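Below you will find the structure I want to go over with you.
Chain IDs A, B, C and D follow the sequence of writing; residue 1 opens each chain.
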Amino acid sequence: MKFRKIMGILITSALCVSALAGCGSSTNVSSSAAYSTASSSVSTEAENTSDEKVLRIAFPSTLTSADVTNSTSATMLKETAGVAETLVYADSNFKLQPMLATEWEMTGDNTWVFKLRDNVTFHDGTPFNAKAVKWCIERSLKENSELAGTTYIQSVEVIDDHTVQFTTSERTTDLPAAMSYVGTAIIAPSSVDKSGSFILPIGTGPFKAESFDETTGIFTAVRSDNYWGDINTSVTKRIVKSMPDASARSLAVQNGEIDIANDIPFSDLETLENSNNTNVSKFNTARTYFYEYNMKKDLFKDERVRKALIYAINKNEIVNDVLFGVGGVPKGILMDNMPWANTNVDTYEYNPDKAKELLAEAGYKDTDNDGYLDKDGQKLTVKIITFTKRPGCPLIAQATQGYFANIGIDASVKVMDWSAMNELIKKGDFDIALNSATSAYVPTPAYYLDAYYVHNNIGYKNDKLNELVEKCKATDKMDEKYEYSKEAQALGQEDACIYTPVLYGAVFAVSKNVTNFEFNAAAHDFIVPYNTDLK
Amino acid sequence: MENLLEVKNLNVSFLMGKRKIHILKDVSFNIEKNEVLAVIGETGCGKSVTGSAILHLLPENAEVGGSIKYNGIDITNIHENEFRPYRGTEIAAVPQSPSTSLDPLMKVGKQVSECVTDKKYKYGEHKKQLKESIINIFSKLKLPRINEIYDDYPCELSGGMNQRILISMGIVTKPKLLIVDEPTKAIDWALRKEVIEVFQDLKKERRCAMLFITHDIAAAKCVADRIAVMYCGQIVEIGYTNDVLNNPKHPYTKGLIASMPSRGFHVMEGYMPSFADLPIGCRFEPRCSEKTDNCSKYEPQMINIKNGYVKCFRFKL
Amino acid sequence: MFKPINRFIDFLNRKNVILFMGITLTILIIIVAIFAPYIEPYNPTKMELSQKFIAPCSKYILGTDHLGRDILSRIIEGSRVSLLTAVFVVGISVFIGLTLGLISGYFGGAVDMVLMRIVDVLLAFPTIIFALALSTMIGTGQINLIIAICCIQWTRYARVTRGEAVMLKNAEYIDAAKTIGNSNLSIILNYVFPNVISKIIILASLDMGTIILYCASLSFLGLGAQPPSPEWGVMINEGKDYIQYAPWIAVSPGIAIAVCALAFNMLGDGLRDMLDPRMKETVRTE
Amino acid sequence: MLGYLIKRIVIVFGVLWMVSTLTYFTVHVTPGDTATAILYSIGGENAVSEKNIEHVRDKLDLNRPVYLQYFEWVTNSFKGNFGTSYKYNKPVLYMIKLRLPNTIKLGITAFLISVAVSIPLGIISALNHNRIVDHLSRIFTLLTSSFPSFWIAIIFIIFFALKLKLLPVSGMDSPKSIVLPAITLSLGMMAPIIRMMRTSMLDVMGQDYIWVSRAKGLKESAIIWRHVLRNAIPPIITVLGLQIGHILGGAVIIENIFSWPGVGGLLIDAINAKDTPMIEGCVLVVAFGYTFINLVVDIIYACIDPRLKYSGEGK
């Protein structure tokens, strides 16, 4: 009797202990790490008054690693923490500038040679050289599935200590632009231990990685003494905190826990603008929202219908009222200040009467007086699909639904996740899709047109446009590239099968202590320039 | 002889929603010291309610009228805290249905000893002595494996064994009055005799008075000094065992006796009326074979006989 | 001083107030859902960007949202979505659960074995996580959500029904019915089913509330209904972004969910009090 | 006892196997291309290009038949290797170990809060059956089971974080961070415990042996402690075990709202990214936690209740 009971208790407690032990081992590690960061964030206030100046930045995605092979953390390392750098970078005018490479040249159909800067050392003192670049790029190619299709790099060869040659899988004139992509940021081979597991990123930037807490996603970096370039800031430390929740970021800035945050909820703008210690800045970005018509459907084979639907949308009202002034209406397909943007095209400005007129020409009239247009006894209905991740998408789509209703089109909106939407687009099971993409992913004139006009899934094909894009890709002369691109844009806009109503807007809440903060639309996500300073 | 318990005009009713349902009506009896009064009657006639009323253990919605005197003290309406010391020590109970009357999660020995240890102020017995005395009782009740049983759970014992555990719970405190509720109900025929013997011994050795609630007339005959016959919340006849059994005065008593297997198994016709819908006159009138016109109009009065009374119009002294 | 309170409590104890309130509220909600288009003060999907973020006032009783839509109208319209979903889920689950439970419990054997193991597996999983996983797997949307929740919910009914059926199978009157020569089907329909149904009704009405909550939760997570559907969970999710600026957008749909769930919970609770004898106070007369 | 335990453990593994197989195949049967989902999750819309999709398929061997992938996964799982997360490019087990302690921390806190509130409340309302306290607690029960937890979370945020600025809105930076998520999570599980505690107490109080212990002359407090509570507890333990499931489910929502870095968020991310190994890992952890806790509950139950050994399992 007793024995059974005791045994039962023993077994139970053994099970419990083993279960706790299983997670206990990790508890110890992470909790101690969490404590150290907690104390550091608490003490930042005090440190700011002494000789330490800490810039606290909110990062809008979950950070689970500090490795450049993860695109999210590579963005963080390169653009917000200033730890790792790429060979090339694009300035705010989308012009390529030397970074870790000083010059580059296309040496053959599939080869590019980059000359590396020679006075650079990694934070741990190891030299930055061709071997390090080869190691790092090859590692990233293997680990980061994004790079193969973005850079087309197949192999890396060391020519001499400061010269590397990249062999691409196909002929590309845009490798230097691709080499500005965050995924190609360079870290030292000493960032991993002997077994190959990653420890901390050892880069070349003005800030040196100090710690990373995987549980809370807090990354800290301190000023490096041996930065190769000139920077002018009194900031001695950057803390990057992963805050995927938009409202949380906004509140953190309001409460003075964070100095810079982006992508804050539109509705908090007013509060933040009126606050004594924060500034709000809005910028247009190179990211576009774009409508795609299902060209496999007869309805959209009629150019008048396509254009009418664009005329029906009040783009300025969307930006001002739906998106709270965050974003902008482009004068063409791309952001206006991209040097290759063609702003000399028809933008189909809001004109509901013209829309109705065009539809009437195409045969769509309200014959049965039910408030909706019809043709051959068929009511004009469209199914708009869009996705969740970009906050503007559901809003723009719903606003569009309203504008369409105004001119007598019965529109339905479906919001889903992007992969599901992509699937529907491929299957052709939609009428209009609202998509989004960044046009400066690879900052080159051909990229966006190639990726979204030439290689589309909606059944749109314009041979002339395709030819121009091919030419744009083939030439290695910049002004020719610009010309071809502009021509192609004009064709694309005239066809009106894919249309950019609104540009994605970046909105920052910045503490009033922060000075010298500039925006660079060419950056992959958002950038905190090295020279950003604190009062 | 002096009365240990005097019950006079005991009325019990239950509040069901807004309705009041009268269960016991003018129940009067007394028990002398060392006397056994058996209460017999059909299931549902109010026997157990009488026991519960004496123990102050009726549900919350019950209303009690009349008077109950114990040792000359009126205990009818005294406060729970004042009454509690009576329970267990002065008046103990042996409940019915052994399968549900024992806490399934407590060892039986503990359940028995609990009756005593909770009143240490009175019984200064040590644990060991207490255990010994309980085991002593167990052995008297002819329980097997008495030493092991002490540490067994009720589910490990048979119904008969549990019944005897219940009995030992009633007598371990040496009460002056024991209310025994259907002790033979759950016990198989073979054990019945032994259990009855236990009560006979109890009466002889411990000299305690008993209210012996049963529907087993044969058992009542063996144990009781007097018998009260209950029908539908009223005592219809009370008197010496021999008088009642051999010379029943009330038609119901007659029927009851006739229905005993040993007396030919003549079952009475009809059913006991529902408490919610009682006849105006004599409660037995609808089933009575000797009814008169008065029976359905008026309630019969108590007619005192030797050491008891009868409630029937037909009865003449 | 306490007399009125005591009389009120007495009233609560005597009458099944909870059931009464549950029935009243439920009927009210059903009426609102049926006559939604006639009750709505505005078109629930019509946007009026000039009227956005208006705090509750006499024109817009519950205010307007970020696209200038009237929240009250949307909530009224949303009652149809929630109610229909819950009715479908409960209906389908009860049907599947009752059928399988009766078969499994009455016939026993291998079918019973297999079915109960499946039930065990499905129950070994928190409902919401399973529904969550499943609804993402088969895609988002209200219909998929219904399928996903039904996949788990039927197990509850199957288990209860089976338990009752097993108990009844061995009851004497069923044996008697068998010996008279009733077919299995007629025994199930005439004897077992009526005994099970009261328990199922209690469970189903309690479940209605739970399912309204589940659906709202999943829609809130972005897995069920999608904007611009006026589903309550979606409305809260949309309003979440504006809690500082316009809290009313998120607050009122939540109250609507709660009222709806409360109605069914009270109905179920009240029914349980009425139908489940175990919960009734019994008077010991013997 | 030992036989019972072995039987139960076998069932636990059976359940885990079935659950994991079920999820494995649903993930694969679902429409949508895995490679696309992975690329989207790591690099956004622009990362999805034909070249990249091909690369991912090659790298992860996604072109093989599903059943081959499944067999490999099962064999590896038995070796304790749950594979590498597609999205994070890290071992699944490593990621879970990182997040699990947070979920456990939140879960245990919420569990303790709800037990601390609902058990006494259940006892009080049973002892004051049909009195004002009982009715109040019933109203409380009805309300807590009717309000959606995510809405309560939002209301809490509005009041305690935004208006009163007492507690942090989200994250887990300070010890105060746990207060709101834990309370919200606990509210959702109170109702069944209160209800069960009350019913169970009332049930026991109506039993004959309670009448008997009164007849024995025991003090009311002794009756409540020694007999009523002891007998009312076993069903409560079962309900508590089931409530662990509620914690695991509710945590997904609560972690989402409060940005609490637990397994719930990991699971949602994994589902969105079609990160099969990660989904499998999270699902297994949740299912294991749930079945394991229920196993422990059953063992505790068997220890408390002597009847089970005789009726359920035989001597």
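Convention: contacts are C-beta pairs under 8 Å (C-beta built on N, C-alpha and C of every residue); 3 or more make two chains touch, one makes a residue touch a chain.
Just so you know, these numbers come straight off a predicted model, no measurement behind them.
Novice: Count how many hops through touching chains it takes, at the least, to reach chain B starting from chain A.
Specialist: Between chain A and chain B, the shortest chain-hopping route counts 2.
Novice: If every chain is reduced to the average of its C-alpha atoms, which one ends up farthest from chain C?
Specialist: Centroid comparison gives B as the farthest chain from chain C.
Novice: Which chain lies at the heart of the structure, taking centres as C-alpha averages?
Specialist: D
Novice: How many angstrom lie between the centres of chain B and chain D, each centre taken as the mean Cα position?
Specialist: So the centroids are 53 Å from each other.
Novice: Measuring centre to centre with CA averages, how many angstrom lie between chain A and chain C?
Specialist: The computed centroid separation for chain A versus chain C comes out at 42 Å.
Novice: Centroid of chain A to centroid of chain D, CA atoms only: how many Å?
Specialist: 35
Novice: Of all residues in chain A, which are in touch with two or more distinct other chains?
Specialist: Within chain A, the residues that touch at least two other chains are 247, 251, 417, 420.
Novice: Counting only residues that touch at least 2 other chains, which ones in chain B make the list?
Specialist: 52
Novice: Mark out which residues of chain C touch at least two other chains, giving numbers and ranges.
Specialist: 139, 240, 243-244, 284
Novice: Along chain C, where are the residues that touch chain D in the complex?
Specialist: 5, 9, 12-13, 18, 117, 120-121, 124-129, 132-134, 136-139, 209, 213, 216-217, 220-221, 233, 236, 240, 243-244, 247, 250-251, 253-254, 257-259, 261-262, 265-266, 269, 278-279, 282, 284
Novice: Of all residues in chain D, which touch chain A in the complex?
Specialist: Where chain D meets chain A, its residues are 1-2, 5, 31-33, 36-40, 42-56, 59, 88-90, 95, 97-102, 104, 161-162, 165, 169-174, 259, 261, 265, 269, 272, 274, 292, 295-296, 299-300, 302-303, 309.
Novice: Under the definition above, what is the set of chain D residues touching chain C in their complex?
Specialist: Going by the criterion above, the answer is residues 11, 14-15, 18-19, 22-23, 26-27, 29-32, 130-132, 135, 138, 142-143, 145-152, 154-155, 157-158, 162, 199, 203, 206, 211, 245-246, 248-250, 252-253, 256-257, 267-268, 271-272, 279, 283, 286-287, 290-291, 294.
Novice: For the complex, give me every residue of chain C touching chain A.
Specialist: 45-47, 49-50, 52-53, 66-67, 139-141, 222, 226-228, 240-246
Novice: Mind listing the chain A positions that touch chain D in their complex?
Specialist: Contacts found on chain A: 4-5, 7-9, 11-12, 15-16, 19, 23, 25-27, 30-31, 34, 38, 41, 62, 64-65, 69-72, 143-146, 148-150, 152, 183, 214-217, 243-245, 247-248, 251, 255, 389, 417-420, 422-423, 435-438, 441, 451, 455.
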